[in-house]
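Shared between the two complexes below is chain A, which pairs with chain B and chain C, respectively.
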Partner chain A sequence: MILDWYIVVYVFALVIGLQTIIHHHYHKIRRKTKGYWYSMVTLVSLAVMGTAGVFFGIEQGSFFMYLFRHIQVPLGATMFSLLAFFMASAAYRAFRARTLEATLLLVAAVIVMLGRVPLGYFLTKGLPEGFQIPAITEWILMNPNMAAKRGIMFGVALGMLSTALKVIVGIERGYLGGGK
Partner chain B sequence: MILLISLLFSFNQIASATPPTDVRAYDAPNDEGGRVRVTWELSADDTDESISGYEVYRNQTVDGEYEYRGFTGRGTSAYTDDVENTVFYYYRVKVRGKALGNSDFSEPSNAAAATGQLFHTGRTNVLLGLLVFCGMVGFFIVSATKGKELFVRRIAGLQAVEEAVGRATEMGRPILYIPGLSTPADVATIASINILSQIAKKTALYETRLIVPNRNAIVMSIAHEVVKEAHAAVGRPDTFKSGDVFYVTDSQFGYAAAVNGIMVRDKPATNFFLGMFWAESLILAETGASVGAIQIAGTDAVTQLPFFIAACDYTLIGEELYAASAYLSREPKLLGSLKAQDWAKVIVAALMIAGVVFSLFGDRFFVRMFEVQ
Partner chain C sequence: MNWLARLSNIDRRMIFVLIGAAVIIPFFRPLWLPVHVTEHVKNVFDFIESIPPDGQAVLVSMDYSPETLPELYPMNLAILRHCFARDVRVVGMTLDPRGIGIGEMAIKTSADEYGKQYGEDYVYLGFRPGIVAVILGIGEDIKRVFGTDNYGADLDSLPVMAHLTNYDDISLVVTLASSTYPESWISYANSRYHQLIACGVTAVMAADFYPWLQTGQFIGMLGGLKGASEYELLVENAGYSRERKTATIGMDAQSVVHVLIVLFIVLGNIAYFASRRSAGGDA
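After this line comes the complex of A and B, so read on.
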């Protein structure tokens, strides 16, 4: 039942959301701020998709679905694929061995990456089983890595409980716009 | 000829498996009702590949035709049946043969009906833990309200908030605040909105522009009111710009693309990524880093934390996100709950060490006390 309420509330919130997005981009266009033509593209896209959905339906084979499949989905996939390049640049910064922690991170990352591909096995297959890279990878993931993750999760669980309690008893009112 | 036919016939006869015995039925414990648990002693033939498993049948009377309910594989001696509450059922089980033939029906079980239980006895330890924690929160809040000075450890990411807002003010550039991509049902989003309230007060005071793009329309509505209230609270209601708190899209990567565009065009001096994030976290944080913004992130999503740590200047790890509101507001009541969190962690750590010690000495009783069904 609460889920049904959420859907009803969400529909009304979506109308307000639409109003804000139109308001935001309309003002950008009117003031001709930097990159205002992106706002024009946004508003035109919104109008086209909205018209297609409302007047021609959203079922399979409709114009709306055509636009969704051939524009929205590839654009989303493009953004997602950019992640690979961002990972490379972030890894470069994180793995620069300037401090002891960064060096440890670099060593652990190299071992784990090698342990996930056949090369790791071939490089160390002559060593005793416990010293082979795949075994060390497994140890890193299941021991120090898992311990750190569980430690964080304990803290998160207590934090969630505490926040929920503060909200229930009304001590925390920031999310209502109130509080000191 | 007759002898030959009778001999052939006798070779084709397959012996039947022995039926299971001691079939019992009872209300499945610790549930909301609607389930009956059936158990039995395995068939004497359940020792090799001679049988496939067990077929379970039920009826509302002992006699009469039993209805087929389900099948469990060889070696299993229990089955949970979906039933109507408070209606009594009898059960019979028979073996489905493989090398052997199907068995006869077992003797019928006792009559059993399902009812819901109000209390889950298998989770008593969770209730006790919860009560202890709530008691601690209450105790520290009362202590703080009475004026007791509470020491709260320094959190670098939160110490930097003032500096980050000041930097944006000096540079005359906006601040970008991302309240995560989740719904208000997520506690991380509530925590993020609480932090937004504190940051909005600071930006309102310094008359710095605060941009809050949202992925969820309800979160947008809440954020809008929170920022508006914050401006009013510091006596600057006129500086609130309604258009700066807006909805973008429900699409995850559509949202990421829009926020990246804002970063590249508006060049915010400070980016806050606080709340729940998924795969878009690194896309946002790396773009923010590329435009030279000081970045403070915080999430309870363990899988996204490494990305934020790599790409942001400061990262609030897990619980620090929940501590932020109290830390920034310095309100005694909120600080009291932080103290309770810290003490709860001390207790959890002590129990873990005790569990390890008991396990090393071969005692499993202590560890089993914390198992949850």
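After this line comes the complex of A and C, so read on.
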């Protein structure tokens, strides 16, 4: 029953999303605003993928899957991979041992970075197991990291609970709108 | 320009070129660094190893999108190869609409390598919207949730689904995710139905899931490309696969890039402290 409703809501959301994206980009193209070429690419991509999926199927070997594998997957992976370049640049410019806390964070980050690749094990494999970089990495992740993560989770849960209670008893009315 | 100014002002394009070279060169000149298998990955392997052939099924939920495919697809293939090599029945699905094609690609590629028959040895259910409703629904009746497989075939017509009703017939759920889907599996499948769950996630997400590893709610976890390379090694060492180990090949590049980033951090800090000292001296 709930799943049926989910599907109904999902379909409506899909229609609204489709209408919004077409409307938004159509107007950008019509007004020839800056970067309207990207809007054209978006609409053409939407039309081609939609037509390919609806009329020719989405199973392996179909034209849809050809586009998915050879365009969408490499583009998506490229976007995510760009992170490595920006992270390296940001680490060089911003990761400074200015305070004790920053120094601790920096040391932990360096250990974890080395511990999460085979090189960390290779460099310290001659040491007793507890002193090898992967073991220290595991300790950092299983102790300080986990404690901090739990603290954040408890904080978020308590915050959600208190906000929900404030909404229920009428203290928080911002969601109703109507004024600052 | 003195050495200090040069050190603190390395052109970002130079950093990008060095990172690019650090990624590309190891693919042509591999370092073959030894992969160290961690306990969390070994636990997942050992669990699947303990499932008797043609016993309870493994549900592999491929909840990721193309952006994270380079990290998660290798572990997806490694886990599926392990299952198929041991004649463990596999039920594939996804909670992410962008993962439909990826899931189909992974399950079909690995099943074909072992000559597995669709409908008899494995099934691909595809996507249904409503994360919570789907996870809870599988706990009651998986056929009511999906009705048909990804290709529109009635689930009752598939032999692999004959004795598969709910989590009671599933030994392990493996969620491979690039978002918070593992939390949903824990909250609803594990807490409500006590279903055993393992996860495979991107390296940046892995740190978030340690609380559930410590409580035992995840039986194990594969974190990023490193986790995938560890699983590839275990599968190869057990004699289950001789396929190209894409994650292991990628680990050399990742090692060099990590070392390079550490070097950049060290250089940045040397420049920072030297400039602070020279500023103090001038004053």
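Following the convention adopted for this analysis, the second predicted complex is superposed on the first by the 125 of 180 C-alpha atoms of A that agree within 3 Å, B and C clash if a C-alpha of one lies under 4 Å from a C-alpha of the other, contacts with A are read in each partner's own complex, and residues count from 1 in each chain.
In this section, a contact is a pair of C-beta atoms (placed from the backbone, for glycine too) under 8 Å apart; a residue touches a chain by one contact, two chains touch by 3 or more.
The model shown is predicted, which means the values in this text are computed figures rather than measured ones.
By the touch criterion defined above, A:His23 reaches chain B but does not reach chain C. By the document's definition of touching, of the two partners only chain B reaches A:Lys166; chain C does not. Look at A:Leu119: by the touch rule set out above, it reaches chain C but stays clear of chain B. Judged by the touch definition given at the top, the superposed model places A:Met153 against both chain B and chain C.
When the shared chain is aligned, no partner comes close enough to touch A:His70: not chain B, not chain C.
When the two structures are aligned on the shared chain, A:Ser89 is found in touch with chain B and with chain C. When the two structures are aligned on the shared chain, A:Tyr6 is found in touch with chain B and with chain C. Taken together, the two complexes place residues 6, 10, 72, 75-77, 79-80, 87, 89, 91, 93, 149, 153 of chain A in contact with chain B and also with chain C. Residues of chain A touching chain B in their complex: 6, 9-10, 13-14, 16-18, 20-21, 23-24, 27, 34-35, 38, 72, 75-77, 79-80, 82-83, 86-87, 89-91, 93-94, 149, 152-156, 158-167, 171-172, 174-180. Residue ranges of chain B in contact with chain A, taken from their complex: 130, 133-134, 137, 141, 184-185, 187, 190-191, 193-198, 214, 217-218, 220-222, 224-226, 228-230, 242-248, 251-254, 256-257, 261, 265-266, 279-280, 282-283, 285-287, 300, 302, 305-307, 309-311, 317-319, 321-323, 325, 329, 331, 333-334, 337-338, 340-341, 344-345, 348. The part of chain C that touches chain A in the complex is made up of residues 10, 12, 15-16, 18-20, 23, 33-36, 38-39, 65-70, 100-102, 104-105, 108, 128-130, 133-134, 137, 144-145, 150-151, 203, 206-208, 210-211, 213-214, 223-224, 226, 229, 251-252, 254-262, 264-265, 267-269, 272-273.
Chain A makes touch with chain C in their complex at residues 2-3, 6-7, 10, 58-60, 64-65, 68-69, 72-73, 75-77, 79-81, 84-85, 87-89, 91-93, 95-98, 106, 109-110, 113-114, 116-119, 121-122, 125, 134, 138, 141-142, 145-146, 149-150, 153.
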